[in-house]
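Note that subunit A is present in both complexes that follow, paired respectively with subunit B and with subunit C.
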Partner chain A sequence: MRAHEQALVHALHAARLTGRGGAGFPTSIKVAALFDNEADLIVNACDGERGAAKDAWVIEYHLREVAEVVELLCAGGSRTVWWAAHRGSSTAGRLAEVGLPLLEVPHRYVSSEGSALVNLARTGVAKPLELRQPTADGGRDSRGRRIEPTVVFNAETLWRIAQIMQYGPAWFAAQGTDEEPGPRLVSLSGYLSHPTVCQTQTGVPLSELFATAGGLPSDAQMILIGGLGGGFVPAIHVPGLAWGRQWLAPLGAGVGSGVVEVLDPRLCPLVFMGQLIDYAAGESAGQCGPCMFGLPALADQWYRLVVQRNSPEEFEHLWHGVQQRLDLLRGRGACHYPDGVSGWVRSGLSVFAEHIHAHNQGFCPTGGHQPARR
Partner chain B sequence: MTSLHGPISNETLWYTSRATGVVSMVLLTLIMILGMVITSMRRPYSSAPTVVMALHRWLSLGTLGFLALHVGTAIAETYVKIDLIAAVVPMASEFQPKLVGLGAVALDLLLALIISSLLRHRLPERGWKLIHFTSYLMWPAALLHGFQLGTSDEPLLRAVTVACAVLGVMVLGWRLFATTHDRRRREDVDAGQWR
Partner chain C sequence: MAGSPAQQRIKVDRIACTAHGFCAQVAADLFDLDDFGYPIVRHEHVGRHMSSAKRAVKLCPARALYLPSTE
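Up next, the complex of A and B:
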């Protein structure tokens, strides 16, 4: 590692910047691995999580800074760079417009996961890799093909690196909570008058976040934080909550990739969940058993629990069955996709328990349509 | 030549060579079938794959004994002239160069399969797999060699060869077209857009 590279790694370590794609891995370690292994680089601007819009925002307003950091990380162009965005998205259009090397990602949930992007760039298939070491170290894929060292950075993370270089690590670390320092972007979507991407930090009350999107509507009842890998938070809890792990973790949610979606209170939440569970089951890359079989099985059990009217004993049995399935999925899958989905469904079962019971009695508290099977 | 072998008559050598050749052919067929069963199985399913795998491996090593006898006696007997070089180099035999050559090809491939499998932990998985695919050349070569050369004048022996071929091709068909829950789901998923 050369002196200026060493200095950058130290600055990132002092700033305690973590990846903004959702996993929250220390960026200094990744950058050091990039330099050590002379790895190639992928900029993840996919906004892969449900409701995410911040990567598009970064590319639209801060592409110059991101490109400068990429230039620096890649030693002035001696290493390969890919800019990853979903095929046909506005982000892809913008990247192509300025002539950056675009990696067109298919519209699949798991395809924007880091190792899936590496796989796409290296072998042309956008499925998560099962490597026994970080992609930054390279290795062989499950078919024995050699994968060259590749590091994936979220677009916002690279923009944060530019800011740390400009304003210094102290400026960065002074923002947010001590546990999760630094400025952050949060995508606000769903039942809001002005869905937006807001610039904020941990420790800021949720109500302030919603204020940037025209305020949380008074009739809003439920909020999904963290998309398919997150959890539901009832709107009544919002006044006591702030953005950050310490507030959200007890409710089964987290900061993740910074997505907040307000559910439309006029729609039956079980219809919403059913559609998403079906979607989740269809997004498996068909590589790990818990994902390719577990998620469709979970969808089946969910519909049996929610759609048909069951006797109390049957209901108890089905409810227990879903819980057992969720326990089986916890922590599973090479890319942790079934793990994330199981946490999300568990959260839904918990916050919508009364609603599910009401459906079993034959009525819907929302007064909306009954959830129909596919 | 005969004096070198003392009491063992040339006739004994000739029959030993043919008998061990037929036994090797049957064993190779069995090993092929076990191999195809292993690759078609969903694993880990029960203890069955472990047993099948062990049989596949130990039978392969055991077959080497019969083959050594088959080749050794074929070289030693003097009805037809086959030397050590002809046993491993295709087309090097004066007697039936093509048919003896098929046997040599099968022998070479089998040796490559066994040596690469013994060194499997040191080889890239893809390399081992590529070498292992040559078993689909090795087995037909061995069968054709046996059918045309060793068992051509004996209806009973010829029936054994034909039975081996029919059985092997049937299992190969099953291997290619049989489907499992696992395979169907993977194919469904792969039908989506991943590129």
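Up next, the complex of A and C:
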């Protein structure tokens, strides 16, 4: 590693910057691996999570800074760079407009997962890889084919690197909580008067985040934090909560990729969940059996639990069956997609338990729409 | 290469695995099968089950089982 590269790794370590795509991996380690292995680089600007809009925001307003960091990381163009965005998205249009090498990503939830982008760039297939070793070192896929060293960075992460280079690690680390330092973007969507991307940091009250989007409507009941890999937070908890792991983890949520969605209180939440579980089952890459078969099985069990009237014994049996299915989705995929869905559905079972019981009595507290068997 | 046997884990390459189910036959102490025939790893840390772990790795028809380096 050359001196200026070492200095950058050092600064990122001091700033304690972590990846802003969701996994929260220390950026200094990734950048060091990039330099050590002379790896190629993928910029992930896909906004892959449900409700995410921040990558598009970064590309729209801070593309110049991101491009400068990419130039630096790639030793002035001696390594290959791909800019990944969903096919036909405004982000893809913007990147193509300025002549950057675009990696067009098909519209599927898992296709913007890190290893799926590596696979797409290297082999043309946007499906996650089972990595027996990290792609930064040059891994092998399930068929034993070699994958050249490749590192994926989220677009916001690269913008943060630019800021740390400009303002210094101390400036960065002084913002937010000690545990999760630095400025962050959060995408606010759903039942809001002004959905937006807000610039914030950990420790800021959730009510202040919502204020940037016109405020949390007084009739809002439920918030989904972290999309399909996150968890539900009842709106009544919002006044006591701030953005950050220490406030969100006890409720089964986290800062993840920075997405907050307010559910429409006029729609039965079990209809919402059913639609999303169906969607989740369809979004599996279909590579790993536990996900490919497990998610449709989960959808089937979910509908039997919430749609029909069940005797207390039947209900108990079905409830237990769904829990078992959720257990079987954990840690059994090449990527963490089934783990995320498992946690998200478990969170829904917990916060909507009364609602599910009401359905079993034959009525819906929301009124109006009822979940229908598919 | 290999670290202490106590830390040795066994992993299933979930993409390569096509539910032949041999692992649950030849290493019943380490693997169960789910309702679709895919393995459930009972002890990811292999410990005293090392010999059946090695047997399962060797006999998996999909070459889907592996013992990652413990470094």
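We take it that the second predicted complex is superposed on the first by the 373 of 374 C-alpha atoms of A that agree within 3 Å, B and C clash if a C-alpha of one lies under 4 Å from a C-alpha of the other, contacts with A are read in each partner's own complex, and residues count from 1 in each chain.
One rule holds in what follows: a residue touches a chain if its C-beta (ideal position, glycine included) is under 8 Å from a C-beta of that chain, and two chains touch if they have at least 3 such contacts.
Because the structure is a prediction, the values reported are computed rather than measured.
Once the two complexes are laid over each other on the shared chain, residue contacts for A:Gly286 go to subunit B alone; subunit C is not touched. When the two structures are aligned on the shared chain, A:Gly294 is found in touch with subunit C, with no touch to subunit B. In the superposition on chain A, A:Glu130 contacts subunit C only, with no contact to subunit B. Judged by the touch definition given at the top, the superposed model places A:Arg332 against subunit C, while subunit B stays out of reach.
In the superposition on chain A, A:Ser111 makes contact with subunit B only, while subunit C stays out of contact range. Of the two partner chains, neither subunit B nor subunit C is touched by A:Thr366.
By the touch criterion stated above, A:Asn44 is placed in contact with neither subunit B nor subunit C.
When the two complexes are overlaid on their common chain A, residue A:Arg140 makes contact with subunit B while staying clear of subunit C.
Common to the subunit B and subunit C contact sets on subunit A are residues 143, 293.
By the touch criterion given at the top, residues 106-108, 111, 120, 124-127, 140, 143-145, 282, 284-286, 292-293 of subunit A touch subunit B in their complex. Within the complex, the subunit B residues that touch subunit A are 124-127, 129, 181, 185-186, 188-190, 192-195. For subunit C in complex with subunit A, the residues that touch the partner chain are 11-19, 34-38, 40, 64, 66, 68. Residues 128-130, 132, 141-143, 287-291, 293-294, 297, 328, 332-334 of subunit A touch subunit C in their complex.
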